[in-house]
Amino acid sequence: MSVHRNESTARWEGPDTSATRGPSVHVHRMEIETTKRVEIRDLTERVQEIVRAKGVEAGLVTLSSMHTTTAVFVNEPQSALLDDVEQLLERLAPRGEEWKHNDPRYSDCDRHNADAHLRAIVLGSSVTLQVADGALTMGQWQRVLMAELDGPRKRGLVLQVLAAA
Amino acid sequence: MSVHRNESTARWEGPDTSATRGPSVHVHRMEIETTKRVEIRDLTERVQEIVRAKGVEAGLVTLSSMHTTTAVFVNEPQSALLDDVEQLLERLAPRGEEWKHNDPRYSDCDRHNADAHLRAIVLGSSVTLQVADGALTMGQWQRVLMAELDGPRKRGLVLQVLAAA
Amino acid sequence: MSVHRNESTARWEGPDTSATRGPSVHVHRMEIETTKRVEIRDLTERVQEIVRAKGVEAGLVTLSSMHTTTAVFVNEPQSALLDDVEQLLERLAPRGEEWKHNDPRYSDCDRHNADAHLRAIVLGSSVTLQVADGALTMGQWQRVLMAELDGPRKRGLVLQVLAAA
């Protein structure tokens, strides 16, 4: 059993030999700089690259947002559909609603971002993906997506690969 | 560490001996033929049977939809309640709304299934379940459910058992 | 590989030595007594304490509700925001809607709790968290929260720590 930790993707140097030594955990911190208040980013290639670089054959990948106003989920990043997702989020948790979290009588939060918290709760804060044959097990149209809900900001996510082989 | 892969449940031949050799990963592809546009199916028995057939004592089961218009979640499949779930989904993401994904000016998708994508995002694409004492750790009324949201179609799900014992 | 099972937190006796013997699974059943119909509870310290007590260095924690009218999710338990979460749930699945699950013509459930099931489905029944360096990998404002949606009742959750080291 061994734990490999890289603080940034810059340090990867391709597959290592840990996979032959038994079950192991690889941890990577990802930083994403978002550019809009609400924005959905496709992280699939970055996740796949980490799995590949570590030479992981089979196991689980957990990708977790470290924030309460971002989310991680799986779907298709078609441009028109992503606009619809934003429209859905506005339907479910409208930005202009009179939320208590935005009201100085009840809250000391000066970001007025109740909608962002509520949307993050609906979307979910992490995903767990399967790895088999050295690749993510995903359908043809599926991608791992991060939703920025109160940007633009620098955001952190942590990815763990629990490698069984 | 060993990886067992069966492409269909037809090939199971009961418990094997892998559990005694240490941590292992078992992967099964499930095919479900749905019969309606929106339909919720109980997969609990199939999942439980795979866990049992492999002789897995403890670990995690991840069941993932391979589609962007189906979902997997846990709740109770009472018939009246499943009608309510469909009603909820229509409330949250109405089929008749003017979604961009359905509009030829913005999208080349001819299935006009924006509602199905959006509902899948709210429900979630996978579940991770615990295994202990050779069985799924679930409450009395809990079942693993698949939601078809743009059927009828043949659908694929992949189940991974990460067996610790 | 070893499986440790404690039925209550009362039996913990601090870190054991299992972590040095290779991958292992620890299972804990938690009981939470809720005091209102809808109530959100912060379970982070209890989860963290179990990880610490077992001396787990790295791996996954899965916390699963055993009920179809409670949920588990990650966000910030600021008091004003928790009121907003309740408001969100009432928007998404109003208690007073004419749900079939509450209608004796379609359902034999006498709790009239369709809203609670539907809200639990939106929030999700479990979370999977990462463990690294002996602690939960979570952001500054993130907490593991349980939502009681049809209380007050005594509720059970099961926590599994899949320890890789």
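Just so it is clear, A, B and C label the chains in written order, and each chain counts residues from 1 on its own.
Going forward, contacts are C-beta pairs under 8 Å (C-beta built on N, C-alpha and C of every residue); 3 or more make two chains touch, one makes a residue touch a chain.
Keep in mind that this is a model prediction, so the values were computed, not measured.
Regarding the subunit B and subunit C pair, does the interface count as same (over half of residue numbers shared) or different (under half shared)?
Because under half of the interface numbers appear in both copies, subunit C and subunit B meet with different residues.
Quick one: superpose subunit A on subunit C by CA and send over the rotation angle as a multiple of 5°.
120
I'd like the Å distance between the centres of subunit B and subunit C, where a centre is the mean of that chain's Cα atoms.
21
In subunit C, what residues contact two or more other chains?
Each of 23, 60, 92, 122, 124, 128, 162 in subunit C touches at least two other chains.
Using the touch definition up top, name the residues of subunit A that touch subunit C in the complex.
1-3, 5, 23-25, 27, 60, 62, 64-68, 92-93, 99-101, 103, 106-107, 109, 114, 117-118, 120-122, 124-126, 128, 156, 158, 160, 162
Which residues of subunit A touch subunit B once you look at their complex with the stated criterion?
For this pair, the touching residues of subunit A are 22-23, 57-60, 73-76, 78-81, 83-85, 87-88, 91-92, 122-124, 127-130, 132, 137-142, 162, 164-165.
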